[in-house]
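What follows is a pair of complexes built around chain A, which joins chain B in one and chain C in the other.
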Partner chain A sequence: MSEPALLEVRALDVHFPVRGPGLLPSRLTLRAIDQVSFDVRAGEVLGVVGESGCGKSTLSRALLKLIPATAGSVRLRGVELTTLPKAAMRPLRRSMQMIFQDPLASLDPRMTVGEIIAEPLKALLPGMERAEREQRVLRTMQHVGLLPAQINRYPHEFSGGQAQRIGIARALVVQPQLVVCDEPVSALDVSIKSQIINLLLDLRAEHGLTYIFVAHDLATVRHIADRVMVLYLGRVMEITDRDALYARPLHPYTRLLLSAVPIPDPALARRVGPTREELPSPLALPSGCAFRTRCPLADARCVAERPVLREIDGRYVACHHAEAAAA
Partner chain B sequence: MIRFLLRRLAWAIPTLWVIVTLSFFMLRAAPGGPFTEARRLPPQVMANLERMYHLNEPVWEQYERYLGNILRGDFGPSYVYRSTTVNQLIAQGLPVDLTIGALALALALLIGMPLGMLAALRQNTAWDYVSMAGAMVGISVPTFVVAPLLILLLAVKAHWLPAGGWSHGRPAHLVLPVAVLTLPLIAYVARLMRGSMVEVLNSPYIRTARAKGLPERTVLLRHALKPALMPLISFLGPAAVNTLTGSIIVEEIFGLPGIGRFFVDGALNRDYTLVMGVTILYAMLIIAFNLLADVLYGVLDPRVRQR
Partner chain C sequence: MTASLLEIRNLAVRFTTGDGPVYAVNDLDLQVRRGEVLGMVGESGSGKSQTWLAIMGLLAKNGRAEGSVRLGGEEILNLPQRALTRLRGARMAMIFQDPMTAMNPFLTVGRQMTEVLEWHRGMSRREARARCIGALESVHIADAAQRLSMYPHEFSGGMRQRVMIATALLTEPQLLICDEPTTALDVTVQAQILALLDELRQRFGTAIVLVTHDLGVIAQLADRVIVMYAGRQVEQAEVHTLYGAYRHPYTEGLLRSVPRLDQPRSARLATIPGRPPDLARRPAGCPFEPRCAYASELCRQQMPPLVSLGEAHLRACHYDGALGPQGREA
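Then we have the complex of A and B:
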């Protein structure tokens, strides 16, 4: 890649210690994120998809150091974040903010909208004049489609979509470069969903934002992402440009996900991909390829050897059989 | 807020009336009376006593007379503590309980709240386990065990503190009763505080506060503390009244002239007016503190305020 990436993630691990069952529990390790590497270029939208429990939310929180990484590296504009002490991390939070999944629960019910949006400014730009801060809050509210008259309202007076606008304003008010959106529309009605996605796209165009956009379905990501990363059990299966991914998925898991996207036409025959088995426990991952227990292509090599993420036709895939799919 | 207060105060009047009426008739329905003693009084003396205290009138007239008296703030003469009025008894005893109770409450909050918060912040560490185990002991060991133990150690053996008595509230006489009252309270407050704090700290908006880039102190004091106080306030409403109106056990053990003993003595002696007096006082305090708790809810949570 010619220009340096805004965010570089290398071999990131996030493991959680878990107590096993029984009277004398053994210590187990839950590998929520396992050897994940990817880049985010300035100005792009990287979609992150995967089933529930694949580590999407863990990944987004680990990127912002809301939970500690076990190993690996996360670099923002070349600055290593994983080893940064809390106090040194705070100024960097101006550059990277997060939008959360449950819009209402993510807002302190005891604060007014104005206080919620102004608080990051007070914390991260303490030198800012009061009048300027108020101006900035009002301007940001306008950007996200909130009325100035709503500034003294409390979160519970808003609908889910409106609450998510507050959450977006709160994230954008410090003018970050990178915004991690952790399933920002999953809790919203379909009609509101597209409103919020369009708002995020507009804001990106206006402010030159970079998004990491997490979702559990490929349909939502298709509208917003430039590139898509597919996660399965905490591992990267495939990272590809959006159009290439939707036109010709290389990884069998991506194909499974695509076949699960509902087709809005009952006349079309629906071919749901092979789901041979339930999701394996993240406490005891299969040997070799994590997806092999559900994969129609799995063979002896997939059991023995873990596929690495490799480049095929300018795309990145972690599958031993990717060439066959590409051919 | 003003309208809310006025409405609640207006509601307090029928509530009190129901309490007064119920306890009045329940007392009369109980067998025996204030003058039925082991040594039977001559019938003439009995008749004179009953006439003097209007006990010979029909119950209905007695009830009317009593309601009129309490409306004027007169709880009547005590039947057992002769030539003393209930007002005098309460006026003498209540300050003792208020002093000890208020000190115990203040200490419980000052010590219990930080203890619980620290335990929540250091969840599942040695600090958490030790302080919560200590709190469990504080709750489980009854006052009548702790009090004699402390007297034995600090008064009888070490001679640091007086074993009992009031002495017009000299500080040295306050230490042991306050300590005995406050220990279980500290334990309750710490456990409640830990529980609610752990819950609040796991809530999404605390995560948001951290993601905003707020310093941890701001996250705790501005976002976490207020909601974590709610269960504590619910507990403190009635607990404060119980603490402030005295404990018969603490009063008996330390020989304190409080009103806690009137609740039991009065009932055993069928001292109608005294029982009524302390019951009404207790009811009024409960109503007042629950109202205070509701006001505090509103202060802490705008959603309550708007309702």
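Then we have the complex of A and C:
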């Protein structure tokens, strides 16, 4: 960890004001991201996992300043982004790009593939000559496995997997350092999903990219990520190297998530108890540890005291009982 | 229990579109046995959902179904609307991926549930209400009586799916069709819903058709599995045979391209090259041929018929050699 991180996130909060129920509603605060801190190292893939409502997508958008942070700090190569004025943010947008879940919904249906991929170049590198821009678009199309002949086609002429290649090309055309991938393969069919995952890994190797890979599918994340961050109700539960996390998860929530993934082998079919508490409302978080209402290890301390993210055997875990799991 | 509950013969589903006909399901023959869980797996456009929508009489307006579907010996395909309405709910029911869109947001859950019993069973509101409370309890919803006066949006996704299952089972149907019942849910909730379906099948002896793209989900619950590709059945087998001794190259491709937590991580995922099939085209040969590593000239020219390999194992493929790495190099 000697070289400085590409992205440093410290005590990030993203809160949304919400109207309470009733005729004279009170104002409630939804803590979508609550005191989240982590680093992303240059060249790595950081996986971000958790159930719906855990803040995965809010976090990706807040990192790119698509939604404002309420408090805390996000630094890209040492430059603080949360307080940066819009005009000063523009050059930095070239360094940070995003790939979305639904490829067809995130592409303008009235623009051709060439126009879609050229748009970030026009916006972020307005000085670029037209000929050079075209060259760049064609080269990027080739990198992601699109044919030059497809440049004048429209998004609806493409299948989901091909459309996701367009989304990837649009993100990569400005040659970013960091790409935030928000569930990029969740909407794709099994046979196409593996093609896109392999493509993302190839592009990372060829262009020295860094990814934040947000997904709910733990098996996919294990395949692509070097480190994994587990979120629950807007808080970090665990951040650990991939192999350590999957071999020996220290947080009870990580264990719950892993145990629920169905294995495609009937001989290994597992039966989970029929009832277990669901996610509490994010508007009324439990005291102490957010996970305690579903945790088999919860005790009085978990009710009284919020566990901080602390280091155990070189891993980071927010659990009062992590030593028991580590032993 | 080999008696078949549902018999599908020669089912074809076609849609008329502005760009010409789309062949969604072709020459489909299959049976659902009493009390079994039949898994149907395939990707988008495989015809897995359209098959069951056709049987329920729920095809889009531009869709047409042909062939024969018998439920307990009685022909039910393309029944007039009134007969279908009596059948649906009473003898077979279907639940969907997104329970929110299958419910009426303006009616309480209780109203939507009691309606089923008043309509199909002629029960009084009060009688129906008591039955609905029991039904919600059987899908492990706490405070069932209070829950009945709540609206769908007041439930979480997993709870809504439980309500849908409870509603579907109110009339004790012989067949419950579940179309991607857990796809919109988190893995933790998915595990609960799968456990619930398994429990209900054992308690009530309901036959379940589980339609999904997820081979992990099928492995948890199914007794037999049908693999669909481009509107055709390409392989059918008992669940352990399908995962352990599959004989179709597409089944192999699907199983190999899923990242799995129970196996060592590989540097690269296996893929199925190429693109999903175009259902507007009807190739003379095997629809999987353009993406198949084992394809030969015969596969381009002739559609492989579905043939028995013995032991209730069927497949539609011309290739006779070994699958796996050896087979591909040969």
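What we mean here is this: the second predicted complex is superposed on the first by the 321 of 327 C-alpha atoms of A that agree within 3 Å, B and C clash if a C-alpha of one lies under 4 Å from a C-alpha of the other, contacts with A are read in each partner's own complex, and residues count from 1 in each chain.
Convention: contacts are C-beta pairs under 8 Å (C-beta built on N, C-alpha and C of every residue); 3 or more make two chains touch, one makes a residue touch a chain.
Every value quoted in this text rests on a predicted model; they were computed, and no experiment measured them.
Look at chain A after the overlay: chain B and chain C fit there side by side.
By the touch criterion defined above, A:27 reaches neither chain B nor chain C. Shared-chain residue A:154: touches chain B; no touch with chain C.
Contact with chain C, but none with chain B, is seen for A:223 once the two complexes are overlaid on the shared chain.
Once the two complexes are laid over each other on the shared chain, residue contacts for A:191 go to chain C alone; chain B is not touched. In the superposed three-chain arrangement, the CA centre of chain A forms the vertex of an angle with the CA centres of chain B and chain C, and that angle is 70 degrees when rounded to a multiple of 10.
Once the two complexes are laid over each other on the shared chain, residue contacts for A:52 go to chain C alone; chain B is not touched. After overlaying the two complexes on the shared chain, residue contacts for A:130 are found with neither chain B nor chain C.
Contact with neither chain B nor chain C is seen for A:19 once the two complexes are overlaid on the shared chain. Within the superposed three-chain arrangement, the count of touched residues of chain A is higher for C, of the candidates chain B and chain C.
In the superposition on chain A, A:105 makes contact with chain B only, while chain C stays out of contact range.
With chain A fitted onto itself, chain B and chain C come no nearer than 8 Å, counting C-alpha atoms only. Chain B makes touch with chain A in their complex at residues 203-205, 207-216, 218, 223, 226-227, 300-303, 306. Interface residues of chain C, counted against chain A in their complex, comprise 43-44, 140, 156-159, 186-192, 194-196, 198-199, 213-222, 239-240, 243-244, 253-255, 257-262, 265, 268-273, 275-276, 291.
Looking at the complex, you find that chain A touches chain B at residues 61, 64, 66, 86, 90-91, 93-94, 97-98, 100, 102, 105-110, 112, 119-120, 123-124, 154, 156, 167, 170, 174.
Across the interface of their complex, chain C is touched by residues 51-52, 159-162, 189-195, 197-198, 201, 216, 218-220, 222-223, 246, 256-276, 278-279 of chain A.
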